[in-house]
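So, here's a batch of structures to check.
Note that chain A is present in both complexes that follow, paired respectively with chain B and with chain C.
Moving on to the complex of A and B:
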């Protein structure tokens, strides 16, 4: 992965978020506070503005710029979570080594640690951790990502705002898992 | 006894009115405690963000800070901020109003952080 690919990734992700803003907020209205679509849309706009302003030249600077935009602009739990994912990728990125599975592994571990969620808690971690493991095996693709996202539907939320709903959280997709699916699919597109 | 002003308090909530209300409640019993707050995001929206929390930490005159918060994303942002500031931050996963009130009243009475933490222990809910 290189800087141009990351920039393209963010453009694709931004377009995907913008297109699905209302859908994400609707999912979040069902089991959360209804702001995921707007929060993410604000975040990706800030990412694009931040990259244009910072003009990063290496991978670590690029990821850091993205992380700071997300941390300061998203507002909900997704800000620190996605921010941490990109901060961890910034730490893991090396000039001469652009090992995508290793970067994803660092990001996934960071998200899991920041939120304290485990796989099965009905959060974005349900997508991040298995997807990072699949990437390591060279088996990450759109179908796998869709399956991981869909698997959050029957779960009862044990972390995050949806956990306050108890049983009523069952039968809804987790909005963070859905946006993580979009992030990973656009990553595959940008690095193909 | 003189209030403990070496140790301060920071309150973080998703909306400005929550920290404003708790501050009002606390000030009745703890007029001298070093207390700063971050309610809502920097842009005035509902939520929390690290930049706004960092401002409350920098603005606090105390060197050692005890931090209380309302919901999950505040906790995550606090953990992020812990890596961004030199001030020691102590985060308590306790009932927000009761925890903050307990802490303020005891700081005002001059208690140390260690003593206060004993009183906070049974209030842990998250």
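Moving on to the complex of A and C:
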């Protein structure tokens, strides 16, 4: 992965979020506080502005710029989670690591640690951890990602605001898992 | 919706600007943030360094948290958007402003967003070698504390934690001592709330939920989170009995022969007179239960915008130092200036 590909990735992700803003907020209205689409839209806009301003030249700086934009503009729980994913990639990239599976591994582990969630808790970790493992095996593709996202639907939430709904969280997709799916699919598009 | 506002999206910066303009003797804004830090002479002039105490969270709960910044309570506080956690970059600025070289303690209310944003700020401060520790307040006994939820929410009891920890920091306690003190106080703090009318978030424009003209919601959260039951209105004395019963169940052996600090907290649109009527019933029933109210506060401390209703907090005073800390001099917008009391 190189800087140009990351920029391309962010453009694709931004367009995808913008297109699905209302859908993400609706998912979040069902089991959360209804602001996921708007928060993410604010975040990706800040990412593009930040990259244009920072003009990063290496991978680590690029990831750090993205992380700081997300951290300072998204808010809620998604801001620190997505911010951590990119901050961890920035740290991993520092050691001249530009191998995609290794970067994804670092991001996924960071997200899981930040939120304290395990696979099966009905959070974005349900997508991050298995997807990173699949990437390592060279088996990450759109169909795999869609399957991971869809698998959050029948689960009962054990973390985050949706956990207060108990049984009533069953039957809804997790909004963070859905936006993570978008992030990973646009990554595959940008790096193919 | 009728609100005294300009643009709803400017609510937080304009509110913070108004606070510091009205009370410069207590607080000033940290540049380019919606966070405030102490501005009293005891802090701004040369003084013995103390551990900084920083809190924050979503707005809409005023005077919490910025209203408790000042001598004897918080060193700095960060305000997020309405009902939304502040971001790590702003919390980090507050940590730097509060640090006097002895580290900083973060007081966080237990919501996943708040916990994560404060944790990230802690990581950022670690890069600067500022020692930062945190404690998480989870006093709301209306929701179950189980492995299957985020755990109990942090609500009005946070004020007692901020007062006691702030007083101990002022007295010179070190970071490690303050962490333990905060955890011990949180373990003995229990709160339950009731709503007669839900709050209206300005950017949403309508109440978070609808209650019938004769209904009340028991166990409501401070962000319009639903409670554990909805029933017909009852007289104040009966309400006091229900809430004291629910809280009493949380203390092993019940309320008898125990000493408490009591907080009757208005949610924003409850007349103070009604809060005193309720406080009178609570204090009377505590007496009947052979319990002692060693310290009492009544008023709007942790509000929920324009919610009508109130919460009751009991803190069991299991340590002899806690009552003196509650009574120790403080000077903040929300707690008042108690330097000349007693």
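Everything below uses one rule, namely that the second predicted complex is superposed on the first by the 188 of 192 C-alpha atoms of A that agree within 3 Å, B and C clash if a C-alpha of one lies under 4 Å from a C-alpha of the other, contacts with A are read in each partner's own complex, and residues count from 1 in each chain.
As a convention for this text, a residue touches a chain if its C-beta (ideal position, glycine included) is under 8 Å from a C-beta of that chain, and two chains touch if they have at least 3 such contacts.
It should be emphasised that the depicted structure is a prediction, and the values quoted were computed from it without experimental measurement.
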item: Overlay on chain A: chain C relative to chain B, clash or fit; value: clash
item: Touched partner set for A:80, first chain B, second chain C, both or neither; value: both
item: Which of chain B and chain C A:72 touches, first, second, both or neither; value: both
item: Touch count on chain A, higher of chain B and chain C; value: C
item: First, second, both or neither for A:161, with chain B first and chain C second; value: both
item: Interface residues of chain A shared between complexes with chain B and chain C; value: 33, 35, 71-77, 79-81, 83-84, 114-115, 159-161
item: In the complex, chain C residues that touch chain A; value: 80-81, 83-90, 111-113, 116-117, 119-120, 143, 147-150, 223, 225
item: In the complex with chain B, residue positions of chain A that touch it; value: 33, 35, 39, 71-77, 79-81, 83-84, 114-115, 159-161
item: Chain A residues within the chain C interface of the complex; value: 33, 35, 68, 71-77, 79-81, 83-84, 114-115, 156, 158-161, 163-164, 166
item: Sites on chain B touched by chain A in the complex; value: 41-43, 45-51, 71-73, 76-77, 79-80
